[in-house]
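In order of appearance the chains are A, B, C and D, and numbering begins at 1 in each one.
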Amino acid sequence: MTEWVDKEKVFKDPVHDYIYVFDKLIWDLINTRAFQRLRRVRQLGTAYLTYHGAEHTRFTHSLGVYETMRKILSHFERKFSWPGPGDDRTRLLALCAALLHDIGHGPFSHTIESVFKFHHEEFSQRILLEEPEVNKILRRVDDQFPQDVADVIAKKSKHPLVVNLISSQLDVDRMDYLLRDAVNTGVTYGRFELERLIRVMRPEGDDILVKTSGQQTVEQYILARYFMYSQVYLHPVTLSSDVLLRHAFLRAKTIHERGGNLFLPAELQPFLDKPVEQITVEEYLRLDESVMMFTFHRWTEADDAILRDLADRFINRRLFGSILTRELKEVEKQTVRDMFRAQGLNPDYYIAFGHATGAGYHMYRQGITLVDDDGDKMDIADASAVVRSLKPLTQYRIFCPKEVLRGEGSYKPIRGWLEALKI
Amino acid sequence: MTEWVDKEKVFKDPVHDYIYVFDKLIWDLINTRAFQRLRRVRQLGTAYLTYHGAEHTRFTHSLGVYETMRKILSHFERKFSWPGPGDDRTRLLALCAALLHDIGHGPFSHTIESVFKFHHEEFSQRILLEEPEVNKILRRVDDQFPQDVADVIAKKSKHPLVVNLISSQLDVDRMDYLLRDAVNTGVTYGRFELERLIRVMRPEGDDILVKTSGQQTVEQYILARYFMYSQVYLHPVTLSSDVLLRHAFLRAKTIHERGGNLFLPAELQPFLDKPVEQITVEEYLRLDESVMMFTFHRWTEADDAILRDLADRFINRRLFGSILTRELKEVEKQTVRDMFRAQGLNPDYYIAFGHATGAGYHMYRQGITLVDDDGDKMDIADASAVVRSLKPLTQYRIFCPKEVLRGEGSYKPIRGWLEALKI
Amino acid sequence: MTEWVDKEKVFKDPVHDYIYVFDKLIWDLINTRAFQRLRRVRQLGTAYLTYHGAEHTRFTHSLGVYETMRKILSHFERKFSWPGPGDDRTRLLALCAALLHDIGHGPFSHTIESVFKFHHEEFSQRILLEEPEVNKILRRVDDQFPQDVADVIAKKSKHPLVVNLISSQLDVDRMDYLLRDAVNTGVTYGRFELERLIRVMRPEGDDILVKTSGQQTVEQYILARYFMYSQVYLHPVTLSSDVLLRHAFLRAKTIHERGGNLFLPAELQPFLDKPVEQITVEEYLRLDESVMMFTFHRWTEADDAILRDLADRFINRRLFGSILTRELKEVEKQTVRDMFRAQGLNPDYYIAFGHATGAGYHMYRQGITLVDDDGDKMDIADASAVVRSLKPLTQYRIFCPKEVLRGEGSYKPIRGWLEALKI
Amino acid sequence: MTEWVDKEKVFKDPVHDYIYVFDKLIWDLINTRAFQRLRRVRQLGTAYLTYHGAEHTRFTHSLGVYETMRKILSHFERKFSWPGPGDDRTRLLALCAALLHDIGHGPFSHTIESVFKFHHEEFSQRILLEEPEVNKILRRVDDQFPQDVADVIAKKSKHPLVVNLISSQLDVDRMDYLLRDAVNTGVTYGRFELERLIRVMRPEGDDILVKTSGQQTVEQYILARYFMYSQVYLHPVTLSSDVLLRHAFLRAKTIHERGGNLFLPAELQPFLDKPVEQITVEEYLRLDESVMMFTFHRWTEADDAILRDLADRFINRRLFGSILTRELKEVEKQTVRDMFRAQGLNPDYYIAFGHATGAGYHMYRQGITLVDDDGDKMDIADASAVVRSLKPLTQYRIFCPKEVLRGEGSYKPIRGWLEALKI
């Protein structure tokens, strides 16, 4: 089954030094239009507005996930003869799923998906099955192969061990993104001992186990995620950028629904004009960050004052600020919204109630299992007080323009009246 | 004159760890629209198609250049009392020029400028003088200040030492980009001992001198540039990407001039429709990579087959290949073009004769001067055989589609007939 | 009071890049015999037998501690005017205490001190007060200064804030050793964001406070210590090397007390022949690792078979192995010792019951205090579940020759009879 | 032939991250007394007196050389089937020679060897053939194997390709020490792209060739050596430390020959009392740095004033200084010596005329050969002007006490009378 590339191919990489490609199948997948599109989708969405180094893309990350999988398979083969010399299909399945797991990601996906109500995972699968170029390459293995890769990504595969390698508490996706996001933002928080982590992993039946001696290596890895969530992924400045993005899209949607005048490129129209199931894969793949940014530029000159303002704030980084609150009841939120309206601000667009929950360790949603020399098993959370301590806390925030926060001009200082409301 | 920011501001940075901002002037300049636009212009243009990590922007680099200048000034102040306690204006001049030296850079600037015949440096100056937001901030120092910063960037300042710090063989621009491009591409070639380099520098009159004991530190820095040129900046794959970009724009220009049907966003029209002097700064600043990429997307569906093909090749990374040749005479190039035409390819768009000249050290265009303890001076090129050896070599290449290079389908293998032509 | 060195001095350093010396006082202290002796005392004792890179010395670390203090003082001066422009003496006090805090460390100090019953801290103080060269330099500040530095190191100073900087949960000693030991062993566990940690620290009265926004930076730093303890400092192989060292010394002491024949260099004799209080500083400073290693070499040819064997095991790295046990009662230990004796092994030298307690966070022994913008304070352990989770666990081990562990030759496999004993 | 270790063994390493051991042969060699002795011999001799981080040992480096060889063999096997599946002996030969190439190195070897007139290479070979433990392990391959490994190290092997991998312009020794010395000293000068360098190497007949596309990678590697020589290996402070060491030994030798009173440990006596050929391997292996340092300590209390002073200077780092001169004729040196004698200084011990020649590239002593796709070959020096420029320059220096250099006390300032002598 294996076709090798003529000469082994390498990509120079800031995280893994070199990324190696030996299989022609992988090489050809990398060169598809659908995969090259990932060059135009940043890995961390709006986080570059907080950490200027966070300019790396999902293309880069996807290569890194593939390389991490390749390293693990090389280790599994040498030490545990897994998946075994006669089973090249499983090896390719794992590599393809690693490479393609993000193929359906769109620009600023979390925001876009919340506005337009869909999940990129569905498109990931559809791309594998419906996008002609990708599908044809995958079918070189066999006709069932595209569906099998899609099933792995959808976590409903007949190969649960491969699924676990792709998405679990100990997966190649996370291993690469923690290291890559750390390197690009310049923080040390996401660093962990990748090589040693791989060395303590072992396949057993459907599961990945970790040798007891690797407990601290796993702890370091889990803590890397904990720190990266607070310091990078849920940074209030990034969250406030997302608010602007979401509100601008909501405003545009409203204008469009009302039949108002609005710049709307052909690439975005399907998302506004038809149910998501009717969007074709071809239409979907036309979306990337250049479309989004171009549209936002145009919206800085929109007829509608609110859209114009929101787009301008985003493009020119005049972001909303935020303050911490306790969890609010709906009636309290309504009071706050009324206070905004009373000051002449449309609360649908100029205030957001956000909550962000940090990264913990969830034992029962596919935990990480330690195994000792006698074969006895234990969840890392039972073995490690540090891991148990990582109970994710939720932070509640109100996002709104900084001038409102500070009470500049005619605005009343927000902290004052929030306190008066006992919020 | 100095206004400090309330709290010192920092940016976390992959190269310098932290970038410090103490001056309110600098802080306010960073937050202008014109400066934020640099977030949408990649530092290395198309090099991300060769090194996938090269996704960093001119925004990031500009902050790094500022920080490098800040470090040098801190060293000069401590050791040489330069520019001296009473002279805060010179300090600010150097910092502002460092921060803003790339403010006029557009997307894929080398290509765009060659097609539309202008230099971004002119726009850098015009932005300082004409862009209201930037200009107003700079004028807080005094009315002459914007012009003075512009003069430094234009290398015609009354402050030659500041000019040398900004653009010479030993300037803050180069110091930052070598390190930053090395970090982002993942290569070690561009690394050098920045801290030690700064420690051996000293201001003297209009010049920056380097202590003799720092000779090898300077050699390492010059070699870093030498390596980065060959390995990154002039990588044939990057050059071939530039060819596609240039040819697509030339094709679009031709179609537009002929009155053909063509998607042309308002942001690009001024560049096609009027002389560059008549383009306003406001118009100029609307250009960024999202406009360019969006336009290219649309061109993948152009009526014109050539434009459609070129845009598609660029967007989906089906790049031209290249082969080395000797330097060709015009008549020889014409023969080659005829061979292309005979095979049904329009040579204006499907072939390019490129030449790239590596980075050497030019002694007479503002060299680097060593000074010993007795005050005797010598150019680094006189002191160092390594530096003298760096005579830039020019490589000549023919760029064309890979299928033509390889002689696939009906094409005749190019190497064969080039040899027959004794090229 | 301040005398500057003519030219600022730098040391190139693998951790801090450069270490800067501006004060002539510091420069002269570095060049004393007592300080240079630290070049002959490894920082991590026998850990190089586990991690071969751990070959760095206390000299190197002491410079690093000084540099960390220098950075903190520079930050405190710039942001908080502490200790204030008129108070150069406090600045020098902090720098000298940082540089000299380990001046009394001897070779393999933990082992040596346990055998000969003394604490190096006492000698640290005596060196400052009695060693003529060091004392004379310190007295250049004033006659009280050597005592004041000694008091800081002894934690009984009138400058509690300086004491806290030198020895607390958040001190310069720990900051340097975590980073330095991580770099030299090659592990990532000890890395943390030093620069950011310094940036969130502030002096207030007698205390060092940390801004609430720095909570995670502190967590990362506390976790770095937690990991380094388990992975490096308390690694069973290192502990087993210490056992050999201690047993060899105990054996030599016994032979000496019995008047047996024994190589004993003049440098070691005072430690065997008189109470520690009578050892002069001059005698003490003659001890370094070359004396110890030389002596061990000679002991590999000792008349006494046990000493010969122990020394040989240490020098040629034929270390004891170990197994985990539960905590044992004295009577149980006695049973184990009897089992050893029954197999022809002297239990005083061929078995050790060790216990090692990992690094936790002790709230009440000078904790780390967070302070928010309103001035409200909270111990990090109250704020952080992760920190609270770091309850140090104690591991109990039996150390003995590997051939005994494995039951080679005539030995009975130890695990078997331990289980029979229900241990 | 291959015996594998039960579980693959790893060493954590600051340069290579992990060092892998799969062969039982290698594992057993590492655990010999002769190899463990290398832990007590610093890699860079006295360089730690210049760069305090240079405390790493030949043990550490030897493991690194082995690992570099292992990586190259892994690449050669995968890409070129070299040495071929049936030829495990050649693989082991290369690995053993890499691991053991420095086995004969003694403490401060360059100095010791110049005083006692021998070469450690001879002892390297004798150890392999005569040291029972090492020899027995090697003979597990076959009886001829120890001699074959010795021949590789002596460069007179029937396996010239293996010899080239161990000692040539492109050998594993150099690859590891450049990187390791850079990491430990903290400089960037010695860094190069190891992984890429290996990737462009190929075995062909007796030679290692490098693909033309790797020219710059080779240049970077050659330059790394060039910089490390000037910045680290030939640093004047290190050279001056060597002078002290050599002079102290010469003085001790003279005292001993005259029958004077002198501390002389049994470990050193053979070197003074009999011709080097009569020194046994067992005697030789007793020498390490602890013996040397211990002896120096004792010499700081010698009866002889000169020896006492030289030993004290070395131990307490009161090093000689140096000044640059032109090359001196013997008669001129004699004049200088007379000037010293006239000032009451014994010129045999208080002055040294040193010359140090930097690292160049020697084309004809086994150069580095580039090969292009057509198989055409060219020496790197013919291809690269940078490499050609690296003509090693010789620096001449006079070393003597700093107080003499500066003309302190009754000494006449040396620079003055040297100029008067036109030196």
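Some observations on this one:
The criterion applied here is as follows: a contact is a pair of C-beta atoms (placed from the backbone, for glycine too) under 8 Å apart; a residue touches a chain by one contact, two chains touch by 3 or more.
Quick caveat: nothing in here was measured; it's all calculated off a predicted structure.
Of all chains, D has its CA centroid at the greatest distance from the CA centroid of chain A.
Just to note, of B-C and A-B, the chains joined by more C-beta pairs in contact are A-B. Averaged Cα coordinates give chain B a centre that lies 51 Å from the centre of chain C. One finds 44 Å separating the Cα centroids of chain B and chain D. Between the CA-based centres of chain A and chain B the separation comes to 32 Å, rounded to the whole angstrom.
Among the residues of chain C, those in touch with two or more other chains are 17, 187.
Of all residues in chain B, those touching chain C in their complex are 8, 10, 17-18, 79, 195-196, 199. Within the complex, the chain A residues that touch chain C are 187-189, 191-193, 216, 219-220, 223, 226-227, 230-231, 385-386, 388-391.
Partner chain B is touched in their complex by these residues of chain A: 11-15, 17, 31, 33, 36, 39-40, 48, 51-53, 55-57, 59-60, 63, 183-187, 265, 267, 286, 288-294, 297, 315-318.
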